[in-house]
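Each of the two complexes below includes subunit A, the first together with subunit B, the second together with subunit C.
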Partner chain A sequence: MAKLPTPQMLMASRPELPKESWLDIKPEFAPGSYCYPEKKETMELLHMPNPHDWDPSAEDWNLPENWEQILCDAFEERLQKHRSLKLFMDICVRCGACADKCHFFLGTNDPKNMPVLRAELLRSLYRRDHTMLGKLLGKKVGARDWDKSVVKELFYYAYQCTECRRCSLFCPYGIDTAEITAIVRELMHEVGLGTHWIMDPVKNCSFTGNHLGIKPHSFKEIVEMLADDCETVTGIRPKTPFNEKGHEILFITPSGDVFADPGIYTFMGYLLLFHELDLDYTFSTYASEGGNFGSFTSFNMAKKLNAKMYAEAERLGVKWILGGECGHMWRVVNQYMETYNGPTPPNMTIPKSPITGTVFKNAAATKMVHITEFTADLIRHGKIKLDPSRNDHIITTFHDSCNPARAMGLLEEPRYILKHVCNHFVEMPENTIREQTFCCGAGSGLNTEEIMELRMRSGMPRGNALRYVQQKYGVNHMACCCAIDRATLPPLANYWAPGVNVSGIHELVANALVMKGEAKRTMDLRQEDLPNVDADEAEAEEGR
Partner chain B sequence: MLESLLVVLLIGAVAWIGSCIGLTAVFGILLPYVAVLVFLVGIVRRMIYWAKSPVPFAIPTTGGQERSLDFIKQEKFDCPSTKFGVVIRMILEVCLFRSLFRNTQACSFENDQATGGYRVVYYSSKWLWFFSLLFHYCFLIVFLRHFRFFIEPVPCCVSFIEAVDGFLQIGAPRFFLTGGLLLVALVFLLCRRIFNERIRYISLANDYFPLWLLIGIVVSGLCLRYFDKAEIAQVKIFIMGLTHFSPVIQGLDLNGMFIVHLTLVSTLLIYFPYSKLVHMPGVFFSPTRNLPTNTREVRHINPWNPPKQFFTYPEYEDTYRDAMAQAGLPLEKQPDKKS
Partner chain C sequence: MQTAKLLANLKDSLAEQWTLAVFASYPEKSLPFLKTQRDPFTNPVASMIREAAGTLFEAIAGEDLDVEKVKTSLERFVKIRAVQEFTPSQAVGVIYLLKPLLRKELLPSMGSDLAGYLEMESRVDTLALLAFDMYMTDKERVAEIRVTEIRNQYAQLKRWAQHLNAQAPLGEFAGCGQS
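Now for the complex of A and B:
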């Protein structure tokens, strides 16, 4: 990876808006501005249409011969399938309210990263075939023909959008760029264009059950190692049930949390919490993925990868599913899952917390509860003992992930938990949080290394807001409830606000959790010494 | 931008010349009938076109806290989980432009003290919201005021609107506030397109044309009332003729400006269904606004939901059975004993 310029240089290097009309500008595939393409074999394995070898920086993308017909037909098909698409093509008035709401535009000043123009790229093609004015007046009214450079442009900008929906919040007609981006990506896949960073996890998930391709025995092994680590910290080894039938709850979380730092600490948090509650639950090595990179590919791929959840819930005979901290996973679970793969299997019932008796009526159909809803309810009913002073060395803020915020409305639950497990909690500026939250800059399958500079640009609004609270209030920690965030925010924080650590909510929960029969805690889940504890005193206490 | 202005001026000029060379019937009778017909048929067709495609997924944008636990307060109208809440959300959206009200402006500072360097602040920015709202409401009131010409006797609500609108009691004929404000709002929206660099960059002829057209309509309307005054009694006889499908034009003294005004309005009606102006009916169809956020509570049906095809558990176990058995994972079927 090339060395990044300083934040000041990065921002100063944003170009002015070009003089030429956007219709006359062709995209340039400079290294660092695009994700690597997917391999032909992977696409073949997944039965994706028109698999072929290609290179984004090459002049010729080796598109299939009748690419224009394929794309026109595919576009027409999507118009017939999605009212949203027809509507969003027709009703935009180009008021520009969305322009400076997009983190990609703020970070790059590339006009085609304004949500309005991102949609116009497709709208211009729609106009040619579907509007009277476009048919009559052509380019005068922003209509244009398909050509190969248009395909390149669509690809380029569909992978400079993280489907975060911030623009849709501000749009007076609710035009949702995520919908448009998702459909443009589907169109690209019709002519065999996809990215490695998305399709490889999709392939893994299709054949091993999770994005990382962790096989069942390895999955078990890793989780047991994490349970050993839990024992090192707390003196208690949490139980790790796998693929067991007859439990009440199936727990599903993104596989990233099993694998990568700092997500593993959040995973350890789950283990410890469930152990303390003596929760009647099981993991599944088959449905071992909460996330869904299929949702960055196509609606049908999302459905396919999601189908394992209910299938496994039925096989194991659980009553409901508890879902871990993840962003796009919850977009799919909250807004698509029941439509894709419902109705739920007959063995499932409306989720009811076995600890507090709370019935989660809001999950009556999907029968899947978000872990922060579950834990906030526990805290409210005083069912877990917490010592927030163990997190006293942390001044934390909270990053709302796009999908829980704008596709679910999960705003208070994580905050409620944080305020009970940490004594020092500071919000970032108000127009950068809650439903107005800014993306980490690398969601929707863009969290890949080769576009690191682009990620730092698109992450600028988030990084900048973080830097503000860091400088002003001494914030040294950012909590989030998304596995992709846990992967993307550390480099972002390191760049924009060095010294800020990133963690999931349940890492902090488990740090504060006072467990029955635990050893005195001298270190946190990362096995770093707790500064407020005198080690000798701790030993003395243990000796007593 | 100038092209659009020229087109509007051209339409006006053609109408004026037409009225001078005895084509008043074409511009005064034929065109308005055609325009209304095109408008109604066009709008209905566009709505049918939208409605023909299903809404496969429930994708409301949640603008606040969801309904979850009892002790957490839900944003009932920004994140509505009930039909009633959705109705309120739509009313707020359509009548008060709720989403536009949230608008912010990103301002960057090179040497901010708080961050010790670059900083972006997102200030609340209500100008677009204010002038859009002003434009739409003034347009509505002006439209309603025109019912004086369509209905005999004049309904008392129309007279009431006029009385309120003219409360300043300036001039004779009395100055209607909404007419002036409508022009102010339109000029603001136009200036925004011309002087804001970003908005200028995204603007197309299809954005300038309706603005110039509306400005043309308002200016010609103001002229008819205050300067090149129309004979109101004659206009009313003419319009009543149109609305009763027995148009009269012989012997009426209709000035050229009136024909220009009528022609521009007809142009707007014809243009409407084929342009971005369909945002008016369109906003009601928007799936990010008009659906409840109860997507985990009630199953949304996708009419083209494809059949399930996925890597099933039996296939998974077949693939990994031996390794799973070695790892001590529960199995549906034990591996064949090796000899």
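Now for the complex of A and C:
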């Protein structure tokens, strides 16, 4: 006779003590837990190895026949090439200092999302072929064989790591888990496994320039539309120089800020600031994507996409590059660019602000300056007039984006700017900011809508800290300096702390910027009415 | 009133037992961490479960709590359960894990006051129903967020396309679809 299960039976998701070891409990590819795969045609177009059709939820992923040999050879090759990888495989003592620092672990409570155990997925394979004890004693010393379920597992967890490097901060040996994840993603690509949200932008950036593949003339028209919006708000239409030779500066920023809300307001902020400074600069349509989707794929692809920056700097004959508010772009620039594509073209010189005369010696190698360094320097020298009271309806906090914070130490400049353009600034709890900042939960190519639930749980540590300052201090705004953040934080805030708006820093800068010859501001860049401003009075003033 | 008094003595122990029962819905290897760390930002999931546990027992005891206050205290707990990999019954049904605890720990000491006990147990049902409503609101919000995100990603492209249409002279499109 069939009996209904008890409530406890329905709710118990696992037996008291599982029979298998943690390593043998395999992930389930349920919808919402994985990103969609990339199309075969795109992979072919990009000359990626072993392109094929596959479905992550299917039993068979149609791997190439000699998949194990390919993976073993590719792993061996990378161990030879990257001394750091070999070191990371060897030196971990499994102390667990990193275990509870990962936002994916904190949000999912899946032990394989502890950085130490996520790395162990690869380390166990390393032991079998590359350590004496592993060769002799196998499983007894934590070695294991490759099989197809191992490939699936590696794919699953390599895309549940945003390469944010919070764990590395706590590792006594400085093991960079992001690099381990990057290598696992490279290995997956060797057998034709990649995701659509990453590879499609790679294709577009590679062939056209921006991540959506919008043709240059159309891209320029969209930017001009944003300049029109600037005029609506300020009465001043900023210039939009494109592909012009002979300027001092090439400005490169993520193309997401040209297409997506609310990033466009940050882009408008740049246009207005540069116009006010009468900056001698140009955009490039080919190097119109500062973000490097290649860095989510392989080191070679990152190098290829990064090369566009210097190629365009050389073609356009600029002296240095000013870079916009982006996240991983700055990790690539700060840590890899010189090795990838250096030395810089001969026409480039150490960046010097044409407005203040400050020489950015920190950018001597790459000749690239972060926009918050540039603007903080302007404010420090009193070169721009600001009216922070225009942002008085905002109580803002600041989300340190992982890469600028941890990969280039950019901690003070954004805060310095924010405190000058806003009168109300509140920090989130100490263990969630600066070097210890929590990721938005969807960096490194994970900000795709099919994994929204996963993003809401992996971004929870950030959302939780935001919610805390919202409830305690009435925070209603979160500034950030990364285009992926501007895409991923609005949904996260909407879920965990509804009512908190998200913007880039330069949106707030432009709102506070008092421009020469501007009309009285009655609205902000989003064309929302500024509180405490009487529109009729403003009109009357303009008429006078 | 007798229920409230009895429960007051047992509250901490029952809340801890329920917290451990909810922890048990997570993988065994993660339990030591969930149990040990108390900082709300270092161990947010455990903090959310503990916050919910405190409120649940106050509500069950029949203390003076309005629905909104209960909902606010349960909000973080329901939000995280709604986006973790649980079935709906696992996500919010864990509130029903209070019943076996109450029956084991409280019922024997309530003597003949069965009505009082049942009234208290019904409050568990109320809490589970409230949590289920919140769970659905959260799920719907995720769906809405997904739609908004897709719309926002291409917001300027759409505007630009509309801008082009508005600018193009009518004649330019007159031949569309004709051979």
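Convention: the second predicted complex is superposed on the first by the 525 of 544 C-alpha atoms of A that agree within 3 Å, B and C clash if a C-alpha of one lies under 4 Å from a C-alpha of the other, contacts with A are read in each partner's own complex, and residues count from 1 in each chain.
In this text, a contact is a pair of C-beta atoms (placed from the backbone, for glycine too) under 8 Å apart; a residue touches a chain by one contact, two chains touch by 3 or more.
In this text the structure is predicted, and so the values were computed from the model without any measurement.
Enquirer: Have a look at where A:Pro111 lands relative to subunit B and subunit C in the superposition and call it first, second, both or neither.
Expert: both
Enquirer: Using the superposition on chain A described above, determine whether A:Glu435 touches subunit B (first), subunit C (second), both, or neither.
Expert: It touches subunit B, and subunit C stays clear.
Enquirer: For A:Thr397, using the defined touch cut-off, is the partner it touches subunit B, subunit C, both, or neither? Pick first, second, both or neither.
Expert: neither
Enquirer: Looking at A:His217, would you say it contacts subunit B, subunit C, both, or neither? Reply first, second, both or neither.
Expert: The first partner, subunit B, only.
Enquirer: Considering only touches as defined above, state whether A:Trp22 meets subunit B (first), subunit C (second), both or neither.
Expert: A:Trp22: touches subunit B and subunit C.
Enquirer: Is the number of subunit A residues in contact higher for subunit B or for subunit C?
Expert: B
Enquirer: In the overlaid three-chain picture, which partner chain does A:Phe259 touch, first (subunit B) or second (subunit C), both, or neither?
Expert: second
Enquirer: What is the contact status of A:Ala405 with respect to subunit B (first) and subunit C (second): first, second, both, or neither?
Expert: So A:Ala405 only meets subunit B here.
Enquirer: So in the superposed three-chain picture, is A:Ala311 touching just subunit B, just subunit C, both, or none of them (first/second/both/neither)?
Expert: Once the two structures are laid over each other on A, A:Ala311 reaches subunit B alone.
Enquirer: Considering only the touch criterion stated at the top, classify A:Pro7 as touching first (subunit B), second (subunit C), both, or neither.
Expert: In the superposition, A:Pro7 touches subunit B and subunit C alike.
Enquirer: Both subunit B and subunit C touch subunit A; at which residues?
Expert: After superposing on chain A, subunit A residues 7-8, 11, 17, 22, 99-100, 106, 111, 117, 221, 429, 431-432, 460-461, 464, 467-468 contact both subunit B and subunit C.
Enquirer: Tell me, which parts of subunit A touch subunit C in their complex?
Expert: 7-8, 10-14, 16-18, 22, 25, 30, 33, 99-100, 105-111, 117, 212, 214, 218, 221-222, 225-226, 258-262, 264, 429, 431-432, 449, 452-454, 456-457, 460-461, 464-465, 467-468, 487, 490-491, 494-496
Enquirer: Which of the residues in subunit A come into contact with subunit B in the complex?
Expert: Contacts found on subunit A: 7-8, 11, 17, 22, 79-87, 90-97, 99-101, 106, 111, 114, 116-117, 120, 131-133, 137, 140-142, 165, 168-176, 179, 206-207, 209, 215-217, 220-221, 242-245, 285-286, 299-300, 303-305, 307-308, 311-312, 315, 333-336, 338-343, 358, 360-366, 368, 373, 376-377, 380, 405-413, 416, 429, 431-432, 434-436, 460-461, 464, 467-468, 471-472.
Enquirer: What part of subunit B is in contact with subunit A in the complex they form?
Expert: On the subunit B side, the touching residues are 3, 46, 49-75, 78-79, 81, 93, 97, 99-100, 102-106, 108, 114-122, 124, 128, 132, 196-199, 201-207, 274-276, 278-279, 282-283, 285-289, 293-302, 304-306, 308-313, 316, 319-320, 323-324, 326-330.
Enquirer: Using the touch rule from the top, collect the residues of subunit C that touch subunit A in their complex.
Expert: 24-30, 33-34, 37, 39-45, 76, 79-80, 83-87, 89-90, 93-94, 96-97, 99-100, 138, 141-142, 145-146, 148-150, 152-157, 159-160, 163
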